[in-house]
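Below are two complexes that have subunit A in common, paired first with subunit B and then with subunit C.
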Partner chain A sequence: MELTFYIAAAVAILSTVMVITRYNMIHALLYLVVSFLAVAVVFFTLGAPFMAALEVIIYAGAIVVLIIFVIMMLNMTQEDVQREKEWLQPATWVGPAILSAVLLAELVYIVVAADTPAAGAVVAVDAKFVGLALFGPYILGVQLSGILLTAGIVGAYHLGRQKKKVIHRFLQERSAAA
Partner chain B sequence: MEAATPNYFLIIGGVLFVMLNVAAALIWVERRLLALFQDRYGPNRAGPLGLLIVAADSIKLFFKQDWIPPFADKPVFVLAPAIVVVTVLMSFVVIPFAPGIIVADLNIGLLFFLAMSSMGAYSIILGGWASNNKYSLLGAMRGAAQMISYEVFMGLALMGVVLLTGSFSLVDIVEAQRGLWFIIPQIVGFVIFFIAGIAETHRLPFDIPEAESELIAGFHSEYSGMKFGMFFIGEYMGITLISCMIATLYFGGWLGPEFLPPIVWFILKTAFFLMIFILLRASMPRPRYDQLMEFGWKVLLPLTLLNLVVTAGVVLWLNEN
Partner chain C sequence: MSQNDFLHLMPLLILTFAALLIMLVIAAWRNHKLIYVITAVSFVAAFLSLFELRGVVSYAIEPLLVIDGFALFYIGLILATALLISMLSYAYFEQQKEQKEEYYILLTLATLGACVLVVSTHFASLFLGLEVLSVSLYALVSYLRVRERSDEAGIKYLILAAFSSAFLLFGMALVYFSTGTMTFAGIATAMATLPELPLLLLTGFGMMIIGIGFKLSVVPFHMWTPDVYEGAPAPVTAFVATVSKGGVLGLLIRFFMEVEGFRYPTLMLIFTIVAIASMFAGNLLALMQQNVKRILAYSSISHLGYLLVAFLAGNRIGMEAVTFYLVAYFITTVGAFGTVALLSGEARDAEQLEDYRGLLWRRPWTATVFTAMLLSLAGIPLTAGFVGKFYVLAAGVNTQQWLLVVMLVLNSVIGLYYYIKIIAVMYQQPDTEREPQQRQRPSVYVASVGTLAVLAILLVLVGVYPTALVQLIQDMLYNMPAVVAR
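== the complex of A and B ==
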């Protein structure tokens, strides 16, 4: 089980790096899907099969599909890929990369230095446990995100609402003539 | 566990073999049944009852030129048809065909099925996008919108069954139906799941992503040879999967009177729903795209939520008494 965890974690990191370095957006998103799937496997090996399933259903299955949906409508061409290439010059990313590497080194040091409990103590988190946690101590968070989503839906409805148009072309001509 | 290993591989191999053959055999079943419904003969020349049409069709697909358009995005174009077959085959992992005949009885079985069916949407989207053709892109966009919306109702409709069982495991769900099949208490959930299942497999009347009369085959217009065959097989296995799920979730899976073995009951129930799928194709007109979306969000979603609330309330009330 430990080996599967490390393999999945390595796949997640690799595919996330690929997401950042791809010039073609759809290819980058494909790697993002792989990254989410790898994270789902990580969840599964850590004893949270319910979270693993939700990760695949919601993130890989719905959210990335929506992002791809939008990008398909943007009509990406070879020029856009070229422009992406120009934007990703070493001069732009070397500075932040060095700083992030310092932070990463610190994080690794903290993780290594701290006394973490042994990996053997994996407790299975099933759907019931998640439900009890969500509607127990975290009820406020659930309600707040519900309000946020409602606001989003109302906003989208307002933006997308239009006056009912006469769609049929013959009827339209007649009403224009009258 | 060690002793069970050869048996385990036998089950995996058996499921793969049977499913791929069912997908091929459905070519013949569909064409013969459509002919029957439309009062014609259908394919009846090659072999007994025209059964060899399957072999003829597969050989034709194998020997066709496998052409990748020069303007396509090659790696994605090749990847797309594989996704649909892989995701559908993976879903069969959690289906209990009979007691003991199941590849893996996951305790999140139902969620695994939903996850795999949501991954199936990528095949349409990527196939349509990588073809770099406006008809394909239109088909892919319709397909994406349709599959994302109908997944919502599909998942919520299934939750009624989960509430009654108290488990996501499909074996538990079948066992819970010993007294009463879930078709009786969950009739609304069944109807919604069935409609959503047709939309998920984009079969007629909801075959809007490929609508041949307006989109010249939609997302797979640029595909040829065995790559097209993969989409084809994926679709047939998709309807087999939905039929298996309906039989398992609402019609008691392998349960049935003693005089037939459990696996036969399961096959009979699944075959019945496969034929319903084909009959639907012969009898229903295709709705317009916006009508489909409106029907989903304005009719099915409220109904599903209502079904969920009522089921939860009844379960609570029964538990208190």
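== the complex of A and C ==
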């Protein structure tokens, strides 16, 4: 089981890196699906089969498909891929990447150096247990999530209703200069 | 949940129902005035319901929330501020062509999020409260989308807030990993046996400080503040500067009191550096600005630095000072942004220094109120700001934090310059007689002018006779077991 965990975790990290570095949006999204599936496997090996199923159904299933539909409607062409490529020059990302790598190394050192408690036997948390927790002690948390969604929907409704196109001032200046 | 739970959560429930009611009313009949009245009434009702709970020592709704004197005081402060901001919003939004009604739903929900923050004792409720607050603010910041800067401000706030939330979550995960619990009390128990922080736990706290520091806009997590303050509508700016920061600060105090974070020198060192950097960066950057909203943004960064000085005292006087200063800061900031909102037109906010030239001759009363607010921010005697700063200094001296105290005094002097600069501009004789601004019906303005008058009276009242407020704060802290123990 431990080996499965490590393989799935490695796949998740690799596919997420691929999501960031792809020039073509659709390719990036397909890697995102892989990343979600890998995370689902991680959940499964840690004893949360219900969470794994939710991850597949909601994230990989519903959300990414929605994003893919939107991108297909945007009608991306080869030009957009080219522009993506121009934006993602090594000069842009090498500096931050090196600094982040240093931080990552520190974090890895901290996690490795810490005397972590020995992992207990994996206990499967099934749907019934999740349901009992959510509608038992954490009922207020569920209600707060509902409020969170309300805020998101009302905000999205208001911001999405506008027809007027507003351009960022930097872009405006550039287009005026060109 | 028992009936008692409902009773103790009454203020939060009223806000929730208000948001739903407004939504239903909008579906039936769009009317700005009606929606505004519903919002104001529900804020008042929620505030009054707090008096029903007066005397509650500590009522835990396991495992997520706790209602105690501290929570009641902070909820009261948040609700009163939200009420004042909604009063200021009416005249401001009445002149906009945009659909205005959704603004009140989002305002109510954001206030609810801030209230959840100050009552939470669990990482889950902490995060949910913070997200309710942030998600409402994303939309509020870019509410007037026809304006040039609103999209920029909204996107900046969205990306940085989401990024800081990720840090906060990672930090929580590390803390959970090393302590095995997500309740504040559980973390305190796990930490009580440790003489010093293990590296992993420290990393977790460090990442959480990033998330919290972003919300408080302290240096070095302050980059978003001037742009967002400038791009957001003036009442929303007032909300971001007061309610959102107050809620997070209340949470920070509760968490630190519970886990006794003050006995770890590493954490104290981090906060000391952050406090000094915030004071200096805020004040020095404000000196160069020509935009009133940006000046107030940088000034709010430095004020958070002052607040951290009192917070670092870590004892009862320190917490009293933080709370008192927060009240003074709320009154003053809402007053200052309220004036900006009152003077703003449809196309843009009155944010350039030029807009204030000769204000005293055009609108003497508004100019007087604005002057009082700026003097209070600078900490001139007879204003709430002075007593607050005095309290903070007392807390610092009391715990012999000489470095912080000296920095605070030094920064107060620097700060004086740019507040006086705005006042000087207001008192200049205007060169040319300008066209008098198109005024709206007086009935629209009554709420705004009344609110500003109330704020000005409160400002002087707290400045001249602070004893009543101090007494109230002391009573409230008596009700908090973690504080009484020190």
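Structure notes:
We adopt the following convention: the second predicted complex is superposed on the first by the 145 of 178 C-alpha atoms of A that agree within 3 Å, B and C clash if a C-alpha of one lies under 4 Å from a C-alpha of the other, contacts with A are read in each partner's own complex, and residues count from 1 in each chain.
The definition used in the following text is that a residue touches a chain if its C-beta (ideal position, glycine included) is under 8 Å from a C-beta of that chain, and two chains touch if they have at least 3 such contacts.
Predicted model only: the values in this text are computed from it and were never measured.
By the touch criterion stated above, A:Gly141 is placed in contact with subunit C alone, subunit B being left untouched. After overlaying the two complexes on the shared chain, residue contacts for A:Thr150 are found with subunit C alone; subunit B is out of touch. In the superposition on chain A, contact is made by A:Pro49 with subunit B only, not with subunit C. By the touch criterion defined above, A:Leu107 lies against subunit C but remains apart from subunit B after alignment on the C-alpha atoms of chain A.
Looking at the superposition, the partner that touches the larger set of subunit A residues, subunit B or subunit C, turns out to be C. Interface of subunit A with subunit B (complex): residues 24, 26-27, 30, 33, 49-50, 52-54, 56-57, 60-62, 65-66, 68-69, 72-73, 126-127.
Interface residues of subunit B, counted against subunit A in their complex, comprise 73, 75-76, 79, 106-108, 111-112, 114-115, 118-119, 121-122, 125-126, 128-130, 137, 140-141, 144-145, 147-148, 151, 155, 168.
Within the complex formed with subunit A, the subunit C residues making contact are 1, 16, 19, 23, 61-65, 99, 102, 105-106, 109-110, 112-113, 116, 124-125, 128-129, 131-132, 135-136, 138-140, 142-143, 145-146, 148-152, 154, 177-178, 180, 198-200, 203. Of all residues in subunit A, those touching subunit C in their complex are 107, 110-111, 113-114, 116-117, 137-141, 144-145, 147-148, 150-152, 154-159, 161-162, 164, 166, 168-169.
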